[in-house]
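Chain IDs A, B, C and D follow the sequence of writing; residue 1 opens each chain.
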Amino acid sequence: MIVVTRRRFVAGAVAALGALAAPRPGAAQSASAGPPDPQLLEDLVAANRILVDQGVLDGYGHVSARHDRDAGRFLMSRSLAPELVTAADVLEYGLDSEPVAAGGRTSYLERFIHGEIYRARPDVRAIVHSHSPSVIPFGVTGAPLRPLYHMSAFLAGGVPVWDIHVAAGDSDMLVRTPALGRSLAQALGARPVVLMRGHGAVVVGASLPQVVFRSVYTEVNARLQAQAIALGGGNVTYLSAEEAARAESAIAGTLGRPWELWKRKTLGR
Amino acid sequence: MIVVTRRRFVAGAVAALGALAAPRPGAAQSASAGPPDPQLLEDLVAANRILVDQGVLDGYGHVSARHDRDAGRFLMSRSLAPELVTAADVLEYGLDSEPVAAGGRTSYLERFIHGEIYRARPDVRAIVHSHSPSVIPFGVTGAPLRPLYHMSAFLAGGVPVWDIHVAAGDSDMLVRTPALGRSLAQALGARPVVLMRGHGAVVVGASLPQVVFRSVYTEVNARLQAQAIALGGGNVTYLSAEEAARAESAIAGTLGRPWELWKRKTLGR
Amino acid sequence: MIVVTRRRFVAGAVAALGALAAPRPGAAQSASAGPPDPQLLEDLVAANRILVDQGVLDGYGHVSARHDRDAGRFLMSRSLAPELVTAADVLEYGLDSEPVAAGGRTSYLERFIHGEIYRARPDVRAIVHSHSPSVIPFGVTGAPLRPLYHMSAFLAGGVPVWDIHVAAGDSDMLVRTPALGRSLAQALGARPVVLMRGHGAVVVGASLPQVVFRSVYTEVNARLQAQAIALGGGNVTYLSAEEAARAESAIAGTLGRPWELWKRKTLGR
Amino acid sequence: MIVVTRRRFVAGAVAALGALAAPRPGAAQSASAGPPDPQLLEDLVAANRILVDQGVLDGYGHVSARHDRDAGRFLMSRSLAPELVTAADVLEYGLDSEPVAAGGRTSYLERFIHGEIYRARPDVRAIVHSHSPSVIPFGVTGAPLRPLYHMSAFLAGGVPVWDIHVAAGDSDMLVRTPALGRSLAQALGARPVVLMRGHGAVVVGASLPQVVFRSVYTEVNARLQAQAIALGGGNVTYLSAEEAARAESAIAGTLGRPWELWKRKTLGR
């Protein structure tokens, strides 16, 4: 894990805020929504590093947050390995998934995942796209991902598998257009997680702590569910719908506990 | 692993002891039993960190110890990720699982696990509640956890699975009332370990070193037992009852060896 | 992971360049092609360490790069555990897999893997030989290694298993002669990966970043494919040939992202 | 991993050598063979730490070396977690597995494993007793441990499973008497590895580097063999006897490579 000192983090954040702080009134669509809440920016950088530390992301994948001043904008790093992301790398995007002011910096090819989901889901304020390893086998077999225990109760509404081949025929597997992003958002529907066949997963949440929590426990649940299926010969007791609904609500009140831990470890404090 | 220096640890401990040291003679039920043995407090902090280091706890779970001055009291951290616990976070609880003097600090929702087991089992002086990963699959399949080797001989009396649905119907899966704690304690009976369907496990012991040892080797046994069942097509030779009884007794004399190691590594000495 | 500071790295590189910089014009076959591009040398040292950090190499295995000044030469460490390799350990080899000027330093027994593949494959500029753990089971069972997801799309052309027993009868399993190297190169054909029964794998690429990327995701794919086969009862959807071709081409443009991360972590910057 | 600086290591070694250096001429059987080769002592300390770092030992297990001055003596730590062993903890033992001069320090209960094997096997100069995790399932199922690849060729002569119940009926599973040590040594015969049902393994070698190498690759082979059996539906190609004999001999010449790496990492140089 690469640890950022608080000093180095804040310096980066200030530089980034400066870059983001210059709304250009004349440029209609491309005008910045202005600097985001510094706390949100700090959490976004932390989320990138936490997800690497927890084995959800490796050199690939990305996490975004809806802008706190403008629901039509979101924040995400330029194309960079998540472990290296600092506040200075964060760009502002419109819901068309194009950067407001890239300043020559390149964007992730699959940024349309984010824009199209923010467009379709007003309740969503943070999104993770990953190649979460234990999840991959569930995307290429008929085995449905289901909640084994209370920590992953949020999976109870069903985890659809989006097959890009159904949406677009032969492709390079990447969500590189608004149309593919819309197709994926449609498969996600009102749920928190969608798998992508032969690729990975997308997890959404109402906040960065929630989307990170859900990403971590989707990975853990997938690992333990595969073990349970092998151990039980396929015979596994999952949470009932009612148990899952109640557990998800109860756990929601505790997200601050792991988040505080993860953030302290990641930011080296 | 977050390491505490001895200096920082002792400073924390002194602060905590000060907070715990003021028994209020007038307040009948809520009077503190007085400051615990500093060694016990140090071991409790170490146990939190060791269990994270050994993969038994993550951002969730808790460990407690019965108060050395009063069998009707126990010590446990306020609601906090175990890896972050210092002596200053430790609160004193009555057997009703309510803090004697929380001072505005919040308690774990599932503290009733601890109070009710201490009430039912006078021999128990330390308790761990975890989501120990390899153990989860044994709680949701019919596969019984059994001792594969001498290190986990303590499992030989059988490991019951407590299903909260049998006790309480649909729930949020949490042991959030004294009644649920009593039901769980009843399932545990006189044994050292009980699994919780769709949730985790509870391990008890006569001391912190013992409960930590048992928690670590319950996790290891679960992992190796699942591998052995796959390798042997279900055909596995476990310890006989007599072997387990003798091995448990022999191993009991060696607990100081891993405990010394774990504590030195955790406290950074 | 052993981290080299930039200062120490450069010092080592300068020493090595000095050693490599003295072409001896009189010595026909053994004349050095001259000092390689310092960037190539730095990348070769980094590749050794990255492959250990990523779990592809342990105390064994080797990585080489074709010399940038002379396609008839390649660069590889003297016989040394990859994690310990510095620029000063790098030797220049001819396509006969013999060092140009060993200066008393010993060479890897299996250097013929490299020379013979460079001879047979003009497109190849970097080669890794490993005992990549998750790959070993695919070399000793009938299960073919196939691309589960877009990151390992390069496996789509098929991954042959080279059995040294077919080539040479009873042996010590090592590619210790030019003839064995040629046999292995023939099995590899135009593909990027060949498995070696009861031994390991060879991965080739057009550059060090590409061969490292391919080695890492061959290991990851093998691990996840074995999990998927178990989970799906053998029923797994792999990338189609057309998907794989397009994905491989798309991913090719992103190799710099993990490479930048891996190199920064490995070289301690 | 706990790292010892060279300075601290040497200080410890000197203290230990002082303790071991005083042969008492009058005390027939209990006279020390004198101080061992400092290199041997350094290697013994390193072996303890390497085996922890490689996942073969945890807080339990032990490694010994035959004394270089007296084939009737061996060196082993007092009862202590292997990761904590320094030269000052090393005691000298007779072939009766009793310490020459314990000075109040306690010995491992299972020291008889060592004495009896040194007695039965003049070719053996180093012994490891472990609870090597991936090996445990092979000791409790009918599945024989066999060499999957050249690195574990030394397993080709067969890996017997010693069942203490056959030797002694109900027991505490520990090799706590000379008779049990002899029974185990008999099961080992002329081979390098014997498994102990419901307990662990013993690995022997002609030197510390060899016994460490064999211990590490016995663990790796067990892990990969279990994966291969699952992947191949039990259909696995192992090394032939002739391949194994030749590979073992070829690999023997390369042991210095991982040993140098492991020792440098462990001793922090």
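The rule is short, and it goes like this: contacts are C-beta pairs under 8 Å (C-beta built on N, C-alpha and C of every residue); 3 or more make two chains touch, one makes a residue touch a chain.
Computed from a prediction, not measured in an experiment: that's the story for all the values here.
Engineer: Tell me, which chains sit next to both subunit A and subunit D?
Structural biologist: Touches both subunit A and subunit D: B, C.
Engineer: Find the chain most remote from subunit D, comparing centres computed as mean CA coordinates.
Structural biologist: Centre of mass proxy via C-alpha means gives A as farthest from subunit D.
Engineer: In terms of residue numbering, is the interface formed by subunit A and subunit C classified as same (over half shared) or different (under half shared)?
Structural biologist: different
Engineer: Would you mind pulling out the distance in Å between where the CA atoms of subunit B average out and where those of subunit C do?
Structural biologist: 48
Engineer: Distance between subunit A and subunit B based on Cα centroids, please, to the nearest Å.
Structural biologist: The computed centroid separation for subunit A versus subunit B comes out at 34 Å.
Engineer: Identify all positions of subunit A at which a residue touches two or more other chains, and write them in rising order.
Structural biologist: Residue numbers touching two or more other chains: 230.
Engineer: Check the chains against each other and report every pair that touches.
Structural biologist: A-B, A-C, B-D, C-D
Engineer: Taking the complex as given, what residues does subunit A use to touch subunit C?
Structural biologist: 2, 58-60, 79-81, 83-84, 109, 131, 133-134, 136-143, 165, 170-174, 176, 197-200, 226, 229-230
Engineer: Quick check on the complex: what are the subunit C residues that touch subunit A?
Structural biologist: 148-151, 153, 220, 223-224, 227-228, 230-232, 235-240, 242-243, 246-247, 249-250, 254, 257-258, 260-262, 264-265
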